[in-house]
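The structures considered in this document are given below.
Next, two complexes with chain A in common: one pairs it with chain B, the other with chain C.
Take a look at the complex of A and B:
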């Protein structure tokens, strides 16, 4: 990482820690939502941004994770166990969803995963005996650890932030290991990757499974955050929203999902002053952004910094190893 | 000398067209075998069948005595068979250095060991040597996509050698490379061959390149082998001259 990157990350981390002291409960709820959705977006960024596999199913995995935790904790299972179960279950289902990706790519794969999201929504809505159907599940409790309850907004936010930090660190480690390089190889040139001994089948499935697992863990925090879940929250809209976060933030940049989730969670709120038009304004902003900077906000930052350093004649030194694409 | 690669009665047809028609040959340990032939004579299809990129319609491929017909390219690569491509195949957004680490990392330990182990999979020094060997040191941190065509060809070859393969199949290494870069490439290939006693199979159009590099030449036309011999014999062979110029 460059010095600029380290400075920016440290500053952002400090802000994330002290911010709740300056916010009302709704503000804390919003930044908790940011932390939760960032986890899901990190997973999608791994599948899509690094490994190059289009997935429109991340919202469905958040849903599976959320329902798993809601159902298990209401049946008396401890939260930690339910949390792990959500991750493992989504990992397994994600692995299976990866199989179509071995046969189809790009927009065909998008359709396969889109169909999966619809399927999950239908199961959540129709299997009333398990999921409560359209009534959803009410009164999901926030966990307590060693006698410390996270029922209040502030402790729960720190719980979400801590989980995000741990999962982000684990993902960062994986991406800088040879696995990360293999995932990028899969994205850049699968045929060449195969001829170099890279088991593209195993890495493709792994990219789907780990991405889905992170989606499930995100859902496992989502349920106790909102405390009421219903199938509509995990329909296509959420999958599109997560896709938007990854792309707007900068697909294939490690911090892309953090930035993208911030935009997707906060921008609609700030734009409430535009009243009924806020979604329109938001949509136009996204369209303009995509037209002029398809590599996302972090892609734009990198472009500006590269242009600046070129004028300093120091370009090659700054491009060294790190979390770039 | 034992055979590193044995191909027997290999056939590949696409619908009604037979691209490779009952081809048999063997590649001996340490030789540089050239395969030449006019366009659409089946050279690349032959390569792709040998390397598992295409499933042959019939026949058998053996590497070091072991049957590998229909084996996946990644498994074949782990047996020590490597290749370069006719059309450039590098990872354009990865640095030259990362391209080379990626080319060798899957031969280092298990999948789990690679996850928890070092970021460069312990290949740092091997990569440095390979970069120096192919004169790419000044470009090590550049993204591969930013290199010139000739430099990418060098990188492509270097990647094929990263895992220390016993057999390397080079698909038109000289295609589209300018003369200066071409002599550099040829010299590097010859040097690698001398140093490691590696076995090469080279598909090539550029006759001078083949004549200078190869120890033995096969001529393919319309999917069949029509001639075989030392380079200077092939050059004078009337069947070969006819196949290239006769139609």
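Take a look at the complex of A and C:
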């Protein structure tokens, strides 16, 4: 990481820790939502940004995770166990879903996951005996650890932030391991990766399944955060939203999901004045960004910094050229 | 038996509409590798153009061509120039994201600038029933079928029997070679966008009297179009037609005989099955691998 990167990350981390002291409960709810959605976006970034697979099912995995936790904790299961179950279940489902789709051309995964998200929505809505149907599940309790309750907004925010930090560090470590290098190889040049002896199918599947697992863990926090879940929250809209978050932040950049989720969570609040029109503005902003800078906000930052450092070095470069034959 | 005929006719009518949407979708894919995730919203919108024209005092027979013309301009020309062209150089993914954003934009615009309520839309023919072999068949279904068949027939003639159509096919199959043969490739690509705009406008006129004109109509219609296109074959016009018809009939039959709650699930399960066992689609040819 560059010095600029370390400085920016440290500053952001400090802000994230002290921010709740300056916010009202609704503000804390929003930044908790940011932390929760960032986890899902990190998972999708792994699938999309590193392994190069378009998934439209991340919202469905968040939903599966949320319902798993809600149902298990209401049946008396401890939160930690339910949390782990949400992640493992989504990992397994992601593996099974990716397996057939990845046998064929890459854009088919987009359509399989699109169909899957709609199917999950239908099951959540129709199987009333399990999920409560359109009425959803009410009164999901926030967990307590070692006698410390997280029922109040502030402790729950720190719980979300802590989980985000642990999962982000784990992802960071994984991306620096040979696995992560293999993921990047898949994105940059799958045929070369294969000729270097990397089992591309297995790694792609792995990236997809781990991304799904992180989606499930995000959902496991989402349920106790909002305390009321219903099928509509996990329809195609959420998956599209998560996809836009990753792209807007900068897909393939480690901190892209953090930035993208921040934009997606805060934008509607900043644009309260514009009322219903904010989605229109957001949509236009995404289209403009795709046309001029498809690598997202962090890609734009990188481009500006490169341009700045290039103009610093412009003079010596000219001299070097002049000295040549 | 009588109810089966009824279901088949209404299924065919629904399927014909899906087919029109799916054909436009595959045309865009073939000539410019555009996966248009806003295709459903493209069908939702022309109805509002027509309603807006009627609010200005135009009668329906005048408002409909105005609506088609505006669609050609907005969903054909503007869509290609403003959204697709600047992004083609980045590959498939940014364009996918951009069309997702576009679908959001069109949906919210229709909601905020027109109405969030479902709007009644004039039907092509007065709704009466005809009795055929004891089955009750609505004239609307028959009218939808007629219009769709004529449209698909005209498209078939255009693509296969005219010089222009064959140039478009050549562009779709091999743009480099087409260019060498002197075919204006850019213009041919533009024509497919115009054809798509006409197809979605016709689909909109056909579907809106049944579902009412509503900003959220695009969600289900778009999903149906993708599904039809994949079931039939992503790279074949006739595949998309067959896929649409199969989907429409199955949709109606499964709602009646299986489960109305899960009627939306049947096409999706078929979609996944097709991708598993016949990824090129039921009628498609295997796409060559591009590296």
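The definition used in the following text is that the second predicted complex is superposed on the first by the 310 of 325 C-alpha atoms of A that agree within 3 Å, B and C clash if a C-alpha of one lies under 4 Å from a C-alpha of the other, contacts with A are read in each partner's own complex, and residues count from 1 in each chain.
Just so it is clear, a residue touches a chain if its C-beta (ideal position, glycine included) is under 8 Å from a C-beta of that chain, and two chains touch if they have at least 3 such contacts.
All values derive from a computational prediction rather than experimental measurement.
In the three-chain model built by superposing on chain A, chain B fits alongside chain C with no clash. With the two structures brought together on chain A, the opening angle seen from the C-alpha centre of chain A toward chain B and chain C is 80°, to the nearest 10. In the superposed pair of complexes, A:101 makes contact with chain C only, with no contact to chain B. In the superposition on chain A, contact of A:199 is made with chain B only, not with chain C. Note on chain A: of its two partners chain C and chain B, the one contacting more of its residues is C. Once the two complexes are overlaid on the shared chain, A:147 sits clear of chain B and of chain C alike.
In the superposition on chain A, A:76 contacts neither chain B nor chain C. Contacts of A:178 after superposition on the shared chain: chain B is touched, whereas chain C is not. By the document's definition of touching, neither partner reaches A:139: not chain B, not chain C. Closest C-alpha contact of chain B with chain C, superposed model: 10 Å. Across the two superposed structures, the residue set of chain A contacted by chain B and also by chain C is 191. Contacts from chain A toward chain B in the complex involve residues 174, 176-179, 181-182, 184-185, 188-189, 191-202, 316, 319-321, 325.
Partner chain C is touched in their complex by these residues of chain A: 54, 100-101, 103-105, 107-108, 110-112, 114-116, 118-119, 122, 125-126, 191, 236, 240, 243-244, 247, 276-277, 279-280, 282-284, 286-287, 290-292, 294. For chain C in complex with chain A, the touching residues are 35, 83, 86-87, 90, 92-98, 100-102, 104-105, 108-109, 111-112, 219, 223, 226-227, 230, 261-262, 264-265, 268-269, 271-272, 275-276, 279, 287, 289, 291. Touching chain A in their complex are the following residues of chain B: 51, 53, 72-74, 77-78, 82-83, 85, 89-95, 97-98, 101-108, 111, 114-117, 119, 121, 141-142, 159, 162-163.
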